[in-house]
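In what follows, a single structure is set out as structure tokens and then discussed.
Per-chain numbering from 1; labels A, B, C, D and E assigned in written order.
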Amino acid sequence: MSAFRALLGRDLRLAARSGGGAALALGFFALVATLVPLGIGPDVKILARIAGGILWVAAVLAGLLSLDRLFQGDFEDGSLDVIALSPLSLESVALAKILAHWFSTGLPLTLISPLLAILFNLPPGPTLVLFISLLIGTPSVSAVGAIGASLTLSLKRGGLILPLIILPLLTPAVIFGAGSVAALMDGMQPGGGLILLAAFAAAACLLSPFAAAAAVRLNLGG
Amino acid sequence: MSAFRALLGRDLRLAARSGGGAALALGFFALVATLVPLGIGPDVKILARIAGGILWVAAVLAGLLSLDRLFQGDFEDGSLDVIALSPLSLESVALAKILAHWFSTGLPLTLISPLLAILFNLPPGPTLVLFISLLIGTPSVSAVGAIGASLTLSLKRGGLILPLIILPLLTPAVIFGAGSVAALMDGMQPGGGLILLAAFAAAACLLSPFAAAAAVRLNLGG
Amino acid sequence: MVVGRMITSLTAEKLACARGDRILFEGLSFRVEAGQALAVEGANGAGKTSLLRLIAGFLSPREGRLLLKTPEGESSDSDERAQAIGWLGHHDGLKPQLTVGEQLKSFAQLYRSTRDTDAVLEELGLARQKDFPCRFLSAGQRRRLALARLLVSGRPLWLLDEPFAALDKDGQALVARLMALHCGQGGLVIAATHEPLGLSNASIRL
Amino acid sequence: MVVGRMITSLTAEKLACARGDRILFEGLSFRVEAGQALAVEGANGAGKTSLLRLIAGFLSPREGRLLLKTPEGESSDSDERAQAIGWLGHHDGLKPQLTVGEQLKSFAQLYRSTRDTDAVLEELGLARQKDFPCRFLSAGQRRRLALARLLVSGRPLWLLDEPFAALDKDGQALVARLMALHCGQGGLVIAATHEPLGLSNASIRL
Amino acid sequence: MQLLFRYANPHAFMRLSGALLPFTAAATILLIAIGLYLGFTVPPDYQQGMTVTMMFVHVPAATMAELAYGVIAVASFFSLVWRHPLSDVAARAAAPYGALFTALGLITGSLWGRPMWGTWWQWDGRLTSFLLLLFVYLGYMALWNAIEDETRAARAAAILGLVGAVNIPIIKFSVDWWTTLHQGESIISGKLAPVFLWPLLVMMAGYAFLFVTLWMIAIRTEILSRKARTLMLGGP
């Protein structure tokens, strides 16, 4: 357990040292959320209507941003060899990395989402649903992302292929997440979407460490 | 001149080798353009109204995707030292990299934008304006991006800071570009926006090689 | 220094290794016992690094097997073997953003080691650099830090890929001393190298 | 082999170099003439790499200056000096995705060199690997390719950072031969190293 | 299983497929020719008029596109569990044709949609999930191409293929839940009139043979080129 915590701590510290960690994902999230209204124009009605979708997509993209380096940095500089020989199983290693990624992207994004919702004139009810859906759903971004990151870890420009691999797999999260916000805006119950979202995220988090560990093992042979 | 072409050719080949080059930027562009309707819902009217803004933001983000590696890869593996000692001035080096980046992102994005416009039910007139605005405007993404990439080249996770540096600088491109599409949708003339966009892009392309070269020179001292 | 499990011997039986479509070596057999060092020699591209990765379990042999004997019994399972291995690869595995001290400490925790990391830094001549971020280290200083990590791991079977690379004369002597000490305490050393190891050791050529 | 501009001599006058807040060396003066080799020695972290980067113009000296003499005159401008330099750094500067042949050819074009790249590959024992992507090269093969690039550059002043690293005995002998040949043709060599260069050369210790 | 493996070794496959190819190719041409003839001579539909002809091109393409992913998923499973080299080749060879049929389904559907729905594209559940399937194919192929080391590429692609196999039903389900407009299931439930059903079935068989033919050719090419490469690299 303490080995797990050591790795988690190291990864969080690394994220923070690279110029702010969470701050960067937040910055990206906020910037995308500001660019869109700039591109669309200031129509308040439309903005409120599309807020859930845009913020969810922006959150997924912000999560993507640092994903490619999840295993790649450690692979390139040889750390992954050393980590692979440690008492931790590769599955636990993958889990630690997923957690570290979520702590430095998904969680902070969720926490400031209500602020950005204000920019879009989203009413309080849907804002709460947005918050909850991000809280439940962003772990699946980190989890599914870890699979993609481990598959592409040996590619110098794996960051490019990564979105192509994982964005299609993440559509359920966007649909259920943004869908529950839209449902409330249209006067329906958001509960169903949230439950499906929770199921998707749970499945992703359970399966991902195994798939990611298999992919890492494969690449260590390189 | 042939040294310039050699560098350009090398960079294009590198982009292509990393699993498809242009294809990846295209994939990302198309995926973002697909995710947004999934998040927002299938309302055709709204989608057409926001198409210009969304596609412009997606184009900027797709351009961003491979920017962080513009100089960083060459810096980390020592190639940049060798390139810096070549007969090419660092300004020309920066220009070659900007061009290579545009050829493998901005240009292909522009070319398939009409297809994505169909997904958003954008009428033919605004689609043409979107196409022209991307053609004029995407070089500025590569150019401004190169400044950011050169500033962050020594940071292991420069890719994270990069968007924060350059997205704010690119807001004019988004505003003029998407604005001219929106203008036509609202029955106004798009010409003014396009001229401003062209001016912005020209200025960015002229200044950027100098700024980027200065930043590279600074980082070589590390 | 051997804190972890003791090892009696490591035996390779008719190992064959292929990279891509090419066979690097075949029918390779050797045996290293507690207290012994084995130098792996060979021209560039002969397969030294590949052999080390094979022993570590990163690559799987195309044929043959590796047998690890401990006082408790023997095993050819690569996961069990992994727990006995201290690794010094060609790449140092250091993060430019972390300081020398942080780096070593977090690895000590990861390896559940109880060695005093400050003492090890002292031993390797890095005490002064303890609070330096690794990005400021010179090539040889990085190598010394990687060696420090090897010591901290407390593993009995050392796999070293070109342990003398980038080190100055003092550093090279230090490595030779550390290897001799490790063997003296019943550890095993397998090192891929182009120079003599500087201790009495067996050697194989690929 | 010296295709580019000829160099008569390179003189360092009272150079001082600082990294961060620390002064690495001060008052360093030396002179290398056409046909001579200079070994830069020193413990890990002494500043050998920094000195090379300073000569290449990547770092600027805190004090002192570097003077390059050519048959046409002398200059202390670092941009002019850059055009005379062939660089072999600690990192190889190779792209895993490109093949050995592509890599060398594109650098030949970048450096406007007319040398036959295939012949150079042959000379360095990489002919067989010509169509391999660099990611498949072993550590020593990568180093050989970097050396091939140095030859292709055709520059008169070679700056070499640990030129023997990762090379097998044959490779080390080859490098020594290449350096001797380069000096014999009126070139200059400055090499940071922990081993003797294997030719008659001057040396400084940092 | 043993039996399957016996025929799944590359040599046996080369022999078997060499013998089969002329027949599958002939069947493809014959069935598609008959299907097209029947398709152009059906009576106009009371709702859709002659555009109904498009059905015979569109529906089989869409079906084959989905089937091809099934092939990849099964082959990936074999590859991961039994490390069978032929299954890697089979999976890789199926992907481009799967993507091609997907693209064909999208294009024909969209050409059909223009007269039927008055628009090229609708954000409907089925259409959208189909578009996403195209991206899944592209990502899968990109991963294959990006990793140079063949064995590693194969294993990585197999992992992705399986992950996709789990996720595709979820995608489909989530998108259907989101919105639906496209025509529902009508073949199996017998809602289609026999005049339309027969040509459709013939065309489907034709497409299936087309896929099998192309797929076998691609596998053969890959096996041969691997052999050539081994000879080249293995030499002195």
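Quick note on the criterion: contacts are C-beta pairs under 8 Å (C-beta built on N, C-alpha and C of every residue); 3 or more make two chains touch, one makes a residue touch a chain.
Predicted model only: the values in this text are computed from it and were never measured.
The minimum number of touch steps separating chain A from chain E is 1.
Connectivity of the assembly in the absence of chain D: the other chains, held in place, remain one touching piece. For chain pairs B-E and A-C, the one joined by more C-beta pairs in contact is A-C. Chain centres here are C-alpha means, and the one lying farthest from chain A is D. Comparing mean CA positions across the assembly, the chain most remote from chain C is E.
Chain B and chain D have centres, each the mean of its CA atoms, that are 37 Å apart.
Taking the mean of the C-alpha atoms as each chain's centre, chain D and chain E sit 55 Å apart.
One inter-chain figure worth recording: chain A and chain B are separated by 24 Å, centre to centre, where each centre is the mean of the chain's CA atoms.
In chain A, 18, 73, 155-156, 161, 164, 167-168, 171, 175, 179, 221-222 are the positions where the chain touches two or more neighbouring chains simultaneously.
Counting partner chains per residue, chain E shows two or more touched chains at residues 132, 135, 138-139, 142-143, 146, 149, 175, 178. For chain D, the set of residues touching two or more other chains reads 90, 95, 97, 135-136. Note for the complex: chain B touches chain D at residues 2-3, 5-7, 9-10, 13-14, 17-18, 73-74, 76-88, 220-221. Looking at the complex, you find that chain C touches chain A at residues 53, 56, 58-60, 82-83, 85, 87, 89-95, 97-98, 102, 106-107, 109-112, 149, 155.
Within the complex formed with chain B, the chain E residues making contact are 110, 119-124, 128, 131-132, 135, 138-139, 142-143, 145-146, 175, 178-179. Contact residues of chain A toward chain B in the complex are 15, 18-20, 24-25, 27-28, 31-32, 35-41, 43, 46, 49-50, 52-54, 56-57, 60-61, 65-66, 68-69, 73, 155-157, 159-161, 163-164, 167-168, 171, 174-175, 177-179, 182. Listed in rising order, the residues of chain E touching chain A in the complex are 132, 135-136, 138-140, 142-143, 146-147, 149, 152, 155-156, 159-160, 162-164, 166-167, 170-171, 173-175, 177-178.
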